[in-house]
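In what follows, chain A forms one complex with chain B and a second complex with chain C.
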Partner chain A sequence: MKTKRLLIHILLVIISFLFLIPFIWIIITSLKGRVEVLTSYSFLIKQFRFENYVNAWEAANFAWQFLNSMIVAVSVTIGQILTSALAGYALARINFRGRKVVFMIVLSTLIIPFHILIVPLFVMLSKFGWINTYQGLIIPMVANGFGIFLFRQFFIKVPWELEEAAAIDGAGRWSTLWRVVFPQVRPAAGTLFVFTFVAEWNNLFKWLIFTNSTDMRNVQLGLSVFQEQFSTNYVQLMAAVIIITIPTLLLFIVGQKKLIQGISLGGVKG
Partner chain B sequence: MLEVKELTKKFKQTVACKDINFKVDDGEFFVLLGPSGCGKTTVLRLIAGLETLDRGNIISNNMSLNEVDTQDRNVAMVFQNYALYPNMTVRKNLEFPLKMRKTDKNRIPEIIEEIAGLLQMAEFLDKKAVKLSGGQQQRVAVGRALVRKPEIFLLDEPLSNLDAKLRQHLRVELARIHKELNITTVYVTHDQAEAMTLGDRILVLKKGEIQQVGVPEDIYESPANLFVAQFIGFPEINLFETELREGKFKIMGTDAKIKKYSKIGNKKVIAAIRPEDIEIIDSGNGIQAQLEIKEVSGPDTILYLKKDDKQIRLRVSKEKRDLIPEEKEAVELKIEPDKVMLYDYESKKLIKP
Partner chain C sequence: MSKSAKRKKWALLIYLGPAMSFLSVFIILPILFLLGLSFFKWDMLSGIYSFTGLSNYLGMLKDPNFYNALGNTVIYVLGTVPLGMAAALLIAVIINRKIRAFSFYRTAIFMPVIVSLAATGIIWLWIYDYQNGILNHILVEIGLGKVNWLGNPDIALFSVMSVTLWKRIGYNMVIFFAGLQVIPTQLYEAAKIDGARAGSQFKYVTWPNLLPTTSFVLIINLIFAFRDFSQIYVMTRGGPIGSTTTLVYYIYETAFNEFNIGYAAAVSMVLFVLVMILTYVQINYFSAKER
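Right after this comes the complex of A and B.
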């Protein structure tokens, strides 16, 4: 048994190392000089250039883009958790006419890729005058079939007695949901938070289509500054990549446990 | 006062309860007793408003509760699996019903102290509810139900998830709390011992229909029908098919006569006698039977005898223990005819002289 475990661990270390190499390469590149990057493939750095980070931050007007990204990602994430919890609860617990049909419709939205929706969405947003606005970037994303599905699966497993006990204790539907039932499905909220935040933070496509002013760029779009006409400023680009990965990395570290719990619980029961 | 009239509820094709009528007086401890699936929990849930009734009326203090939502009925309930809020501490669990009913915030700590004292929960007030033992959780569940002094207190098999010793302990505790607070209580159980010891009155239910309502002594001493007779009492009551003629009948091969039955016409009956009402004697002229198994049950000994291929059950008290022979040996018995109850063979109902 012991040797078997050891072999598995060695294998896992090798695989994780393979996954880590690109990240290590990014870090190394971000600390090299512009010329050194193009002339040497060495993992060793001749001279550490931490100023790359400062230059990258200033070159791309990052503070502003960080703010844009943050506002949109946080709003969409919280919005999705709210709408998903409410819709998921209704689909799991309230007996209304057409519940099954609504649930099927919600599920079927999962198979439609976002790219198909982009043109009609763009037309709608431009008619509303929402191009280049936060609401244009936020509101189309605040309801999502996956989130609703995830919450529904969690709500179904909450014992009925808890809700009945709450009703007997005098709680209405609203307090029952938020004070008694919602706390039981926190892993779902945690999972959805990480998934949605990361997806929103890394989103490039939406910003590319729904915005055209330089003020309304997010960090991903901001990276394009380093793509100059005839060359790419790799060192600053990599430094910028590191900077913008930090929020999602932190989120993963903090939410790791909840994330695994959420995926495994939500996935098992169909 | 709680009054239930013609309560009827169906789940698809199954009738959960049918034409249930009863009244519970203020401060009374009323027990719904029956085997599992007899509809007793449904009756309780209907009173709480957790199910909608098909027909009938639930009246509390001269007001119909039919159209009142659960959260607006002044009813509290203890669930079989306690249904404590797992994300909250014991204190938060107890505070919840008070907060939901907008109790004055300044008074809440004082109320919690009081209930914690009554149920001896002070030492685990700030623990998470899920971290507690079964008995502690049960206390919290009772506390949460009682904390707002409800008009009606409902309990759904609250002791069935506990081990025997704890069950007995909490049974006494429940009786004490009821005495202290004097809240109108409806208690559901399948355990006859709980029903007998706790109930001021007992309602016996079978397949959604009332079998008998009465004080525990009546239920035990004159069961209204064979179902109640067999359901109540341990070991099970002895039944003998026989013929009643002018007050005389044969039981275990001997003649017996009960004067009060002499005016009843000749008919096929079932004679029933409680295991403790058959005496064991050594006079030499009693009824002969063979001892199969004996079980010591505390001060009493339970005997399973065989007579004409029929099992006869006996409960022998400590004083008569010396008369019990070894297993497989012969036993001599005596019956006091006045202790025999006669049931109609067709209707299975008690024949009243």
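Right after this comes the complex of A and C.
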């Protein structure tokens, strides 16, 4: 048993290392000198240059971009959880004619990538006067088929008895959903929170097309200052990448601690 | 109308209304716009457009680039979806416990999702670099020859697929985790009392109760695999000689490099119908089983 457990750990350490290699390299690059990076792809650092981080922060003017990114990512995430939970509940629990059609329509909204829908969307947002505005960056993203589908899949497994018991206690559908059913699928809500926040935080294309003023940049657009006319300042770019990754990394670490409530019975026995 | 039927109508409006109205305006309307465009020839540069009926669709039948993109897409989907799901499920089941070390593994495997591809793409280009890349460096050290990971048309697609898997496994793993958390622990306790070993616990408790999650991951992975764009854009731009041009990349190229918007819209519609049929078949298959 002990050796089996050890083997699993060794295997997982190797797998983790393989997944982490690119980030190890990002960190190494962020500490190198500018010329050193261009002349060797070595993992060894000749001289640690922590000042890259300070310079990167100042060059990109990140404080304002952090705020922009945060406002949009938080709003979209909360909006998506609300609209998705409601629609997912209807698709899983309310019997109505045309339910399957609505479900297929929801899934169909996932097929065409945003990169292709961008032309009609841009025309629409220009007509609304929403270019360079928060509402233009938030409102088109407030509903998403992914979240609706996710909640539907988790709601269908919640035992009916829970809802029936709540109904006997006189609770209506609305309060049953939020007080009884929703808490049962908290892991799904947590997952959607992390995924949506990360996707919004890392979104570059939307900001590139829907904004054109320097005030309305997000952290990803902020990285473009390191691409100078004839070369890229890789050391500062990578330092900046690490700086802007910290919020999403913290979100995941905190989130997963809450997510895994510690099922000690399932999986392999050690 | 009876009182309960009326109440149900209101409930549907409240529950489905918000999501469906946002989706209608910002996604379904643009898709319908694309559908309309697919019957036109529209040159974005000159701004001249004319109704051409089905000619965009008929042109596709004779377009070798379309078939090339379709073929690449099939390879891409088959190469990434099953492996990405199986690896994620296996890892998720193994490390689904509250142990400090496991929390480190989870974070490590999810890191590719957390950091944007704009950044990791650069690193992957360095790893795959023919002259100085770390991968070729290792190959030379152990006495093998260099491989042109992104420059050889027979290999480039697989190099891109590896990066996709690297990103997708952690993504799927987290969804599987969520699914594992909502399986009632009593079921495992009961199985344990019955003397079930890890293997049969998985077969009789985990697998059937995880089915809605598994079907979710499968359907979403297929859709994502058909619409993946960024890794190709960042690493190969569809090359060399079209060997990594998938349908979505082909649509992007025809629309924004060749400015042939009508044709790009027609290819989008073909992609749409294709994925729609695949999704419908899966929904039908699973909807009876997963309740």
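Note that in this section the second predicted complex is superposed on the first by the 232 of 270 C-alpha atoms of A that agree within 3 Å, B and C clash if a C-alpha of one lies under 4 Å from a C-alpha of the other, contacts with A are read in each partner's own complex, and residues count from 1 in each chain.
Definition applied: a residue touches a chain if its C-beta (ideal position, glycine included) is under 8 Å from a C-beta of that chain, and two chains touch if they have at least 3 such contacts.
Computed from a predicted structure; not experimentally measured.
Visitor: Just checking: does A:Leu31 make contact with chain B only, chain C only, both, or neither of them? Give me first, second, both or neither.
Guide: Neither partner.
Visitor: In the overlay, answer first, second, both or neither for which of chain B and chain C A:Ala56 touches.
Guide: neither
Visitor: Pick one for A:Glu161: touches chain B only (first), chain C only (second), both, or neither.
Guide: After superposition on chain A, A:Glu161 lies in contact with chain B alone.
Visitor: Classify the contacts of A:Val225 with the two partner chains as first (chain B alone), second (chain C alone), both, or neither.
Guide: Touch status of A:Val225: no partner.
Visitor: Tell me which touches more residues of chain A here: chain C or chain B.
Guide: Looking at chain B versus chain C, the one contacting more residues of chain A is C.
Visitor: Quick check on the superposed pair: does A:Leu107 touch chain B, chain C, both, or neither? Answer first, second, both or neither.
Guide: The answer is second: A:Leu107 touches chain C but not chain B.
Visitor: I'd like to know which partner A:Gln184 touches here: chain B for first, chain C for second, both or neither.
Guide: both
Visitor: Touch test for A:Gly170: chain B only (first), chain C only (second), both, or neither?
Guide: Touch status of A:Gly170: first partner only.
Visitor: In the superposed view, which residues of chain A touch chain B and also chain C?
Guide: 184
Visitor: Touching residues of chain B toward chain A in the complex: what are they?
Guide: Chain B reaches chain A through residues 48-50, 69-72, 75-77, 79, 81, 83-87, 96-97, 100-101, 144-145, 148.
Visitor: Which residues of chain A touch chain C in the complex?
Guide: Listed in rising order, the residues of chain A that touch chain C are 8-9, 12-13, 15-17, 19-23, 25-26, 29, 40-41, 43, 82-84, 86-87, 89-91, 94, 96, 100, 102-113, 115-117, 119-121, 124, 139-146, 148-150, 153-154, 156-157, 173-174, 184-185, 187-188, 190-191, 194-195, 198, 201-202, 204, 220, 223, 234, 237-238, 241, 245, 248-249, 252-253, 256-257, 259-269.
Visitor: Given the complex with chain B, which residues does chain A contribute to the contact?
Guide: Residues 159, 161-162, 164-172, 175, 179-180, 183-184 of chain A touch chain B in their complex.
Visitor: For the complex, which residues does chain C have touching chain A?
Guide: Where chain C meets chain A, its residues are 8, 11-12, 14-16, 18-23, 25-31, 33-34, 91, 93-98, 101-120, 122-124, 126-127, 129, 132-134, 137, 166, 169-171, 174-175, 177-183, 185, 188-189, 192, 198, 201, 205-206, 209, 212-213, 215-216, 219-220, 223, 226-227, 229, 248, 251-252, 255, 261, 264, 268, 271-272, 275-276, 279-280, 283, 287, 290-291.
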